[in-house]
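Below you'll find the structure I mean.
Going in written order, the chains are labelled A, B, C and D, and every chain counts its residues from 1.
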Amino acid sequence: MTNKTTPYAIELRDISKRFGAVQANKDICLQVPAGTIHGIIGENGAGKSTLMSIIYGFYEADTGFIEVDGKRVDIRSSQDAINAGIGMVHQHFMLVENFTVLENVILGAEGGAILKGGIDTARVELQRLAQEYSLDIDVDAIVEELPVGLQQRVEILKALYRGARILILDEPTGVLTPQEADHLFRILKALKEQGVTVLLITHKLREIMASTDNISVMRQGQMVAHRETAHTDKEELAELMVGKKVRLTVDKDDAKPSGTFLSARNLSQFDSQGVKRLKNVSLELRAGEILGIAGVSGNGQSELLNVLAGIEPMSEGEIHIAGQVITAKAPKDAAEMRELKMAHVPEDRHKMGLVTGFEAYEAAVLGYHNSPVYNGKILMHRKVMIDECNERMAAWDVRPPNPHLKTANFSGGNQQKIVIAREVEQNPDILLIGQPTRGVDIGAIENIHEQIVKLRDSGKAILLVSVELDEIMALSDRILVMFDGAVVGELDAKDADERTLGLMMANAYNDEEVSA
Amino acid sequence: MSQAKVPAWVNIALIPFLNIMLAFLVSGLVILAIGENPIEAASYLIYGAFGYDEGVGYTLYYATNLIFTGLAVSVAFKGGLFNIGGEGQAYIGGLGVGLVCLALDKTMPFYVIAPLAIIGAGVFGAAWAYVPAYLQARRGSHIVITTIMFNFIASSLMVYLIVNWLKEDGRMAPNSRTFEENAWLPYLHEFLSPLGIDIGDSPLNFAFVIALICCVLVWALLWHTRWGYQLRTLGTNPTAAKYAGIDTSKVTIWAMLISGGLAGFVGLNEIMGVNHSLLLNFTAGYGFAGIAVSLMGRNHPVGIIMAAILFGALYQGGAELAFEIPTITPEIVVVIQGLVILFSGALEHMFKDRIEGFFIRRSVA
Amino acid sequence: MFETLILMLDATMRVSTPLIFAALAGLYSERAGIVDIGLEGKILGSAFAAAAAASVFDSAWIGLCFGITASVALAMIHGFACITHRGDHIVSGVAINTIVAGLTVTLSMYWFGMGGQTPTLSGDARFLSITLPFADALADVPVLGLIYSELLSGHNILVYLAFAMVPMTYWVIYKTRFGLRLRAVGENPHAVDTAGISVAFIRYRALIICGILCGIAGAYLSTAHNAGFLKDMSAGKGYMALAALIFGKWRPVPVLLACLLFGFLDAVAVRMQGVVIPGIGEVPVQAIEVLPYVLTVLLLAGFIGKAIGPKAVGRPYVKERA
Amino acid sequence: ADPAVVYDQAGKFDKSFNEGVYNGVKKYTTDSGVQVREFEPKNEAQVEQGLRRLAKRGYSPIVTVGFNMTSAVEKVAKDFPKINFTLIDGVIDLPNVQSVVFKEHEGSFLVGALAAMASKTDTVGFIGGMDIPLIRKFGCGYEQGVKYASSSATVLQNMTGSTGAAFNDPTKGSELAKSQFSKGADVVFAAAGGTGMGVYQAAKDEGKLAIGVDSNQNHIQPGTMLTSMVKRVDQAAYNTYKDAAAGTWKSGLVVLGLAQGGVDWALDDNNAGLITADMKAKIKDIRAKIISGDIKVHDYMSDNTCNY
């Protein structure tokens, strides 16, 4: 960099960060010219948020350093970052919900020991900012009473109030309606015109293409490509993001779907804040068929699984299964759903699928602990459980094959095998399966995929939720794409390719078709 | 990266041992600070607790109460609930025992009274735990606060009942009348001396046997029944419990009922075993001591028995110590108890993280 | 009748004072996200330290300093466990209460050899009541005179301080930078952290204030309201303060009212022993004593409104999942 | 054998009842040079345990303090017939137990009369500890004395509580005293153990008079302690040891009243200024009349009523 003309607004040099065994960031280099909007894309878990948190001083990098305006800065805390003119809008908002907008904005920048002065200054300053960037907001409103879009505006105001010249936004549109998102991009543009540098993380290619100047792509903790927005397209980006992973070919014949085991109609669900997380989803699970649900995570897939499995009650809609109708008024819990021959491999094995403090043989009956097979009149049949666990460990090649090992002490892949074996071996009619190969190595992936196909071929109905496009395409017979809680498209697996799916997942497919 | 490489004995033996040693060390410093010799104090303490027959009897008698309350805390704890209400539940459990004995001792034989008294202790103790449990399960009221409040309510209730209704006429102290002997739990020295085992004239009574039986039952319940399975699932991973279709509020309520019932059994030992009348304040802090016992015993019946005997020895040895060195009050035992709670409970990460780190580094290297 | 009421309220002020200090102490701590059932232990520890020092140095003020020091030290142990080592707040509180219950008796036995008491304090070793100007002169003025001379005048300085602490706390919590950060850290420590403020430092400071206030509460018990330390003299006041804190929904003025209510019930109960009320008979004192606890349970159960505490209270703040 | 003493749970420094016994023990040690083994139990179980331990080691006689110990002493005395016990304030009928009880009503009568004479408002107060017959006995004797000296006087009576804690709650004591003062009382008699400390403090703070109990408590707040109703538990303890050493200790019931010097009122430098010659003379007269039987003081515990 001897002949650089203007220094970069921010430059990262060889940043690495490791969480325990996870290498979240590895040797990351990044240069962002001042006054540009720089997009960063990458799959879930690629390390984007970690990188931004390092820039913002929330985490400290293990190695590497950061330059701002050509000067090396030592960022050890958020305070350092703020002093260096960096502001961040986090993926999960960092707001004190029962504070007013004003209080949230001045928190940490109160301008004196007594609040009054700071509040008055902030009121005036916020008015100015609001006018300048059309960031209108009622500064005396309580934050938790504001819609998400406005809460995000508070985050932006927070950064600007502190005089941020570099603004990081981590998936800012994940929670926004299209209109709100449009408004946000107009604001970003206005900021850019004032010379603010913006780092924008998003999964939505349409947004990236529409609003950025440059784009960097991350994969598995590394920076894999940099592009100028003008010289790239969605297809290329999608490919860069997904990477040239080993193509997993699963040997399978065409599906021969027969009867319907489950049909769901207009399922909706509101979360505790009253936000609609699942929007009128209808689907059918047919014997001998794998139905894949594709989508960027956080678009309602988890809610769908939970509602189908009976873990969370639905708010609206109905499920028909085994001659029974389940509605919001007549719900069934997870145990009752299992009795209807439905099995469920949850997305998150640590949080849900396993009790990591249990020995393997105990975890291997979770959810089926009431089964007469394992229970005597009073005591549980430990021996039966252990024997069965031994058998399954052999059959599924769980290593080490030790039923008494604490579940926590198995590797991710082997934990997953324990869970899948438990659910599959119950011989269910329906198997709900979420992220079956998340964090599982290639050998195990193959094994798991084979089992899923085998299950289909024996006439089971399978619902597969995965954020891995490869996996969806390799396994599914039919694919639904979810976006923002709703099903936005349905494809026959034969018609699916990465490009189409990638676009649908980013909800950019229809724009594309219209423009094409 | 993981616990995988930390040997099991580190967690179940080394860390608790270090915690208790640190607690003893600090207690030793306190004794040193008040100008006494900790070694000498320790020798009186050990002699008092184990050095002679009667001392052993007393040690086990105190341990009986602590086993009950320790089990009570741990059953709730296994379900992720922190029951600070052992004191109140024990108190009310004693009321149950007392009422049974007072009602029946004149008319019924021992073998009728005893099972009814056991039921009385359990049911009353459980009933006292029920309200906080219900409020936690269905209304989300914080069980720690409600159980604390219920301790106070229990103590006022007992004063009211004993002073106004149960006190024997013409007696000064607020005690009920003394039960007839057929409502007394037999002393163990009556059984043991014919066998040639001498525990002196100690108050150790049949309740100790009941406590041991409870340990076995709790062990079986927690690790060998379906209900125990559900409880442990709930306690370690509530999300997994929901996933498994476990009715969490039902399990919560039952866990507290059992916990309260176990605490209530303190009444058997104290009321039916030793005092033979219903009196005030017989719980004497055993409910709180149960927290230390259960923390130290790692919430396992075997650990609880050992911890209870250790604390029983401290109580008994502490009394001996205070007898021999009057400047040291038996309250030194309370200090040790508190330090155990501090080091093996609140400061568990202080050692744990470092020691595990050490073993991990060693195994990585 | 009116006079009886005034006298009852007069007693209420005296009895409520330690509750007010302790409840405000809890308010600082819990508003910062630290559950503190160790209020009881801090009060007791301070009561002992204050009485011991006051009797040795023959000065109530020195006693107060020692009481505060002891209480702050206990608060720092709590902080060390809960903030630095992410320990369970409740376990730590129980531990502190237990340690103090034993240690005060042990130390006083050693120092004073009086079975867990300290010598009786008199003169300068105690906070004596202050007669407000003209109190005696105005005593005969009807109604107002009585209120002024009996109810308002004639308390010791700590009583007035307790009442002054309420607006003071209100001001600190709602009107200062520290208060803003304190409240924020109890609601969402992540927000505070990303705003460039140290979560641990704020929480430690909150605990120091908590320690100071509990220290005053304890010193009041042993050197103002009473004249010496007695074993277990806090007698559940810390828990009662916690109840008042919940009852007042973690806000200064309602907390004050809750303390006054509890104090009033206490004052009534003191005078109810064996009193026969015509038509009703003897009202058991226990029924009155127990009211604060019952009310708190009802409140927690949502039967008389909802008690929602600071959102992050009781949860250790962990930045990294690793 | 070596002598011993077991205090009750209030401990030997309760400034009142136990401390009285302690004073007797101290005096005996000073006079005879014999050390007395002391034990202060901390809970119910330790009372019996401590007694047993002492008995086993052969201590005799063992002085035990307070009615609370009655059942423990009874059990242990049965098991150790060779050891002698003296129980103060309780009655046990065993060949190796001496039971010492006092005529507290007589002493209370005296201080009641003094209170009435010292009162300017003709209103006096009584604050009892735990609400038990024994304490009512104090109250009833006191009331009779007050009425004897001034038939028009008002006696305000309060009990502190209904549990043992009522003997150790100075805060409540001071609150009760303040409430009695505000109702016009200017002399208050506290028969309430440690609770009394709060009463005396309140009297001092408000410039009223208080009457102590059990030991001579006049020194606690000199100048505002009118007198103390002393109950010579020290003597009971002292005599036990002395008699035992001399071989004259006898089991059975010992009742100590005014005549035996078991109860009395206290006059020393601390309260000399408060007692006028006239009062002194009157009290002397009353005292003589009680001893001679001319004044019959009703004992509450004889029929559990205070009808005199």
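By definition in this document, contacts are C-beta pairs under 8 Å (C-beta built on N, C-alpha and C of every residue); 3 or more make two chains touch, one makes a residue touch a chain.
Quick caveat, the model's predicted, so the values are computed rather than measured.
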Selected pair, greater C-beta contact count between C-D and B-D: C-D
Chain centre separation (chain A, chain D; CA means) in Å: 78
Distance from the mean Cα position of chain D to that of chain B, given in whole angstrom: 38
Intercentroid distance (Cα basis), chain D paired with chain C, Å: 36
Distance between chain centroids, defined by C-alpha means - chain B, chain C (Å): 30
Residue numbers of chain A (touch at least two other chains): 20
Contacts with 2+ other chains: residues of chain B: 159, 329, 331
Shared-contact residues (touching 2 or more other chains) in chain C: 113, 116
All chain pairs that touch each other: A-B, A-C, B-C, B-D, C-D
Parts of chain B lying in touch with chain A, wherever the complex brings them together: 1-4, 220, 224-226, 229-230, 232-233, 236-237, 239-240, 242-247
Touching residues (chain side chain A, partner chain B) in the complex: 20-21, 309-311, 333-338, 344, 346, 351-358, 362, 365-367, 369-370, 374-375, 378-380, 382, 406, 408-409
Chain D-facing residues of chain C, complex: 3, 7, 10-11, 14-15, 113-117, 120, 122, 128-129, 150, 221, 225-228, 230, 233, 267, 270-271, 273-274, 285
Complex interface listing, chain A residues touching chain C: 19-20, 56-59, 77-82, 88, 90, 94-99, 103-104, 106-110, 112-116, 118, 158
Touch list for chain B against partner chain D, complex: 54, 58, 61, 159, 163, 170, 172-174, 178, 201, 203, 274-275, 279-282, 284, 319, 322-323, 326, 329-331
